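In order of appearance the chains are A, B, C and D, and numbering begins at 1 in each one.
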Amino acid sequence: MQYYDTGWISTVFVLLIVAFVLFNISRAKKNSEVFIRRIAGLNAIDEAIGRSTEMGRPVLMVPGLGDLNAISVQALNIFAYITRTAARFATPIRVCCSQPPVYAVAQEIIRDVYVQEGCPEKYDTDSVRFLSDRQFAFAAAVSGTILREQTAATFFLGEFYAESMIFAETANSVGAIQVASSTENTQTPFFIAACDYVLIGDEFYAASAYLTRQPVLVGSLLGQDWGKMLIMATLALGILLTSFERTKLTEDTYDFEKAGEVVKLDATRLTQPKETTMYHIFNPYQALPLATPREKRPPVVTPVAPSGGQ
Amino acid sequence: MGWNLLAQTATEPSFFNGPNGTIWGWIAGTMLVGFAILIGLLYMPAQGRKYVIAGFTFVCGLFYVLLWLVPTPHDRNPDDVPRGKVEEISFWLSDAVNVFGGLSNILVAMLLLLGVFSLARIHIAKIIKQQKDWVFSVCLIGAMVLIIIAGYNKWLTELNMDPAQLEAIGKLEPNAWPFYKKSQDFLFDGLLQNMDAAMFSVIAFYILSAAYRAFRVRSVEATILLATALLVMMSLLGLVTLYWNMGVDLITRGDPASFWNNLKLKEIADFIGSSFRAPGLRAIDFGIGVGALAMALRLWLGLERAGGSN
Amino acid sequence: MFTYLGLKFTFGVIATIGLYTVLWRENKFYRFWEHVFLGLAAGWALVILWTETLRPQWWNKMVGTIAEGGNIAEPGFWAWAIMLPIGFAGYFVFSRKHSWVGRIPIGIIIGLWSGQQFDAWIQRFWPQLNASMVPLIPTDFGLVPYAAPSETVLNATIRQNVYLSQAIGNLIATITLLSVLAYFLFGIELKSKFMQGTTKLGRYLLMVGFGAIFGSTVMMRFTLLIDRMYFIWIEWFQRIVLGG
Amino acid sequence: MAMPETTNKMFGEKLLSIPRWIWFVLVIILATIPQFVSITIPNVPEDSSAALYKELMTLPEGSTVIVQTDWTKSTQGESRGQFDALMRILMRKNIKFAFMSVADPQASEVARNALKELNAERIKDGDREYKRWEDYVSLGYFPGAEGKGKEIGESMLDAFKASKDKDQNNVERSVLESPVMKGIEKVGDLSAFIVVTASKSITIALERLQDKVKMLGLVTGVMGPETVNYYTSNQLKGLSIGLKGVYDMETMMEYGANYPDSSGKNFYNMKKYTDVVPNWPGKKNMDRGTKYYLTLHFTIGLMIIAVIIGNIGVLLTRKKGNE
């Protein structure tokens, strides 16, 4: 971070969101009876599993192409819930991973679920699979799996790219119920076109709180809401301020290189975008050159390798 | 800086480094110690475990958090000497980025074997048990072995080749390539790359069928989706745009300042883009961004166990 | 046709067609190519694992490298050796008893990722916030085209005026932005008609955006198909088979 | 009276249930045949492409840029065209460039091969050959875009101290000694940082470098919608999106922007800029983009027709239902 001029504001903004989340988590630990609005796609989960139980066909889960990060971890959290339900009905499951670390985490989470449900013997190590870390090899393999095993329910949750269309249409062609979500906005419309239920954007992060009602998750969800409201408020304020300032006549202009030195113009004119308060807040003035320059380190002499060096 | 393990910028010798070939002892020692600690961890009491993992996660995260919070040195040159304590820390941090930046790649790479191992295990088991489709498993394993041999063969051959010869081979026509190069090129460029492209282009078919099936005036949402998609698609076609705009020009009689110019296809598309698509996506991204931030916070502070199913 | 290139292209085409057959239905030919594809992908991953990642990023840093004439290009930092045991710990995931050790490398990866998010959030969203703060009050009420605020049309030297059409566009953009954001508030019970309306509107406006994305994505998908057809018909059929 | 209704209904149901394979066959045919004819289609370039063209044409001669290429065979349909157009401009303006890639280890090799062909084309046109080491170097492949992006932002010297390339006498040397990277210490010393990508790698680069250097992008149609946000918020100074972007570049290279043709009227007026940006007369400007753009018309046309047919079907059947 650069703190000079208005540079510190962004940091404070993020710290504020962080504070919201932490505060709400601590609050929710006391009382987790919080309202969360209905999310259609998630209510469909049980229906989907029920259907595949009747048909005796497997449930397919794909945590996307992403590396091990919040998105894939979140996807696995939802899959843990799905697996829990599936385990109760002894419905076969398939988890197809494209990243080794994600695969490792998936292995452990899914096994834990079966253990917690008291049926570790039902857990088949090969039901969680690593296919390929190569996008389209993965796509080919997954659609092959869908077609051969005739999955009755498919869950595509996580970071999906171009392959989303391949998965969705293939699953659609075997008549599977599909619940899908991609954090990549560019893929969401394709899921909307081809899937039965789609979690849009943020709903994906709300899912685990919605399903499990864990205080930590619920609290953090509320914190996120506060964060979004902070953003909305900032936007509203900024828009109003900018709108009025842009109607003001002015004679001044600012030199952005010289830390916003004021320069007089000969004629009055409307305020320019760059002269609004909001622009200044979001674009700190250039820092001036160092007052006391740093001294230089003497150049490094690269030593010659001893004769032992190969 | 010479004594700073994490600032691997300076090449002057220090306790932490040594020229190639002289530090095998140190390397072996470090590995032994590491494995010893690992074995020690296996006998760690259960209640302590989660603190170990949380500790690792926290420390690794902390580095980047500090990098963010500590003021970044302003116009720093590589041979500058810090002027004070704060700058010393910030210099040290920005040097250490070199090291931390690489860590997760190395770990992910080391875990890759895990994934490939599980893939191979499944298919070799199929072959041994002569299960359904075991022949295809043979193809899979075969292809894998072939490309590994060809790939490493090429790499090793070119590694031990003198630059001039390599350059000469680089100038050759593909038909005149030596075998080692042909074999690798055939498997990688001839098959793998082409299959990538093929699978990628399959999407076009699916998009067509999905659009035909899904883009129907069933609900308000579907209709909106359909209408905008059609408009934007048309605006991508130079010919359509041309004739559409000709039509508009009939209304405006070619007056560039006429209001009706807004009906030009490109203007409509731009309008949709800037007034609906861009802000819509932005809003989703704000949501996702806050969600990811909160999740990162939870994971970093160990508030949520990956796969928070307990 | 029977030169190296000829064979290479021919097999490329056969593989392409093999994968295309899945459009008809799942069949043995597709299954064959699917498995070959998987095998090659996995094998190749193992090749570049060492040549592209571990060797340059880990091994060379650990043992150091020698430049021309035996001088040190890079000294070796032996401490990198610790990465091997850590990476190895990941393989305990298969052991029922000690699987927790496998969480250590995972924990490190997640930690490194999480730490970066705070700065990344600012870098990514701070300018976007600012870009969303657009003026709504027009200073010029002329009915000029949406595209008009441009120097070439109005030969103004600096863009000062907010034109009516611009203001309208900005207003709609603002409504979209705020209502979509409102749609993603989960913890608030929408009692008031207004809020319910807003979120509904938000969802509709989202659909406009998604429609636009669909439209613009279609372009690329078809381009890739066209490129494949070029490969099959021009590069292979015309040049190799017909030898044109 | 009911008779035509029922026939309508049956017809409508027919329209609703056209089997997939018919569409598939049609699209294959339409994606093939137009490739054998060559017509140039009229075009109205996008703003973002125009901005990109203007920025590229105004780069100082002899300056150095970094070209981050993150595309391979699978997206060459779009990326190759963009890369070619970009390279043609850079080479004609004698701008030195350094390749790097973060998305795929193959990317830099694919780029080098493309460059080889372009060089052959230049020699055919009687231009000087673009020489490795003097005019361009390859910095290599860096997995872990995030980390690398940060390193580059901190210091070019550290970020690329390990990168090697062959100099004119085939000797492996540090790229930092090459004429291309001479005097480049901070990323700000580059005249631009250009990303040709088929993935999110441009976002990652933006997050880490946008405040330090002028960034330009050439992305695939899919990445377009989300990347264009960065263009509108002025984090990206210029952006070419997908095949349309390629065709825009090629047409502007042929006719210029704000630039009068023989008849004296401008081929295209840029919305954002008044700068007169000339064209490259007598050079090969129209290439892949032109070839594919015509075919694209037919395929997208088919798609539009498919959607329309489907909806006619819906309307016909619905009419009966309401009776």
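Note that contacts are C-beta pairs under 8 Å (C-beta built on N, C-alpha and C of every residue); 3 or more make two chains touch, one makes a residue touch a chain.
Keep in mind that this is a model prediction, so the values were computed, not measured.
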Central chain of the complex, centres being mean CA coordinates: C
Comparison of A-D and A-B by number of C-beta pairs in contact, larger one: A-B
Separation of mean Cα positions, subunit D and subunit A [Å, integer]: 27
Gap in Å, rounded to a whole number, between the CA centres of subunit B and subunit A: 15
Centroid distance [mean C-alpha coordinates] between subunit C and subunit B, Å: 8
Separation of mean Cα positions, subunit C and subunit A [Å, integer]: 13
Interface hub residues of subunit C, defined as touching at least two other chains: 19, 22-23, 31, 33-34, 37-38, 40-42, 44-45, 48, 53, 57, 65-66, 72, 74, 90, 93, 103, 105-106, 109-110, 113-114, 116-119, 121, 124, 127-128, 130, 132, 147, 153, 174, 177-178, 181, 184, 206, 210-214, 216-219, 221-222, 224-225, 227-228
Residues within subunit A bordering two or more other chains: 1, 11, 14, 18, 67-68, 70, 73, 101, 104-105, 108, 131-137, 140, 162, 165, 170, 185-186, 189-190, 192-193, 200-202, 206, 221, 224, 228, 231, 302-303, 305, 309-310
For subunit D, residues that touch 2 or more chains besides their own: 20, 24, 27, 31, 74-76, 143, 146, 171-172, 222, 225-226, 229, 232, 244, 296, 299-300, 303
Of subunit C, residues touching subunit D in the complex: 23-24, 48, 52-53, 56-57, 60, 65, 68, 73-74, 116, 120, 123-124, 127-128, 130-131, 147, 150-153, 155, 212-213, 216-230, 233-234
For the subunit D and subunit A complex, residues of the former touching the latter: 74, 199, 222-223, 225-226
Sites on subunit B touched by subunit D in the complex: 9, 75-78, 94-95, 97-98, 100-102, 104-105, 163-164, 167, 189, 193-194, 196-197, 200, 204-205, 207-209, 211-213, 215-218, 226, 229-230, 233-234, 236-239, 241-242, 245, 266, 270, 273-274, 277-278, 281-282, 285
Interface residues, subunit D side, partner subunit B - complex: 18, 20, 23-24, 27, 31, 41-44, 47, 72-76, 106, 143-144, 146-148, 150-151, 154-155, 157-158, 161, 166, 170-172, 185-186, 225-226, 228-229, 232, 244, 247, 293, 296-297, 299-304, 306-307, 309-311, 313-315
Contact footprint of subunit B on subunit A as seen in their complex: 1-4, 11, 14, 17-18, 21-22, 25, 67-68, 70-71, 73-74, 76-77, 80-81, 84, 97, 99-101, 103-105, 108-109, 112-113, 116, 126, 129-137, 139-140, 162-163, 165-166, 168-170, 172, 183, 185, 189-190, 192-194, 200-202, 204-206, 208, 212, 214, 216-217, 220-221, 223-224, 227-228, 231, 287, 289-290, 292, 294-297, 299-303, 305-306, 308-310
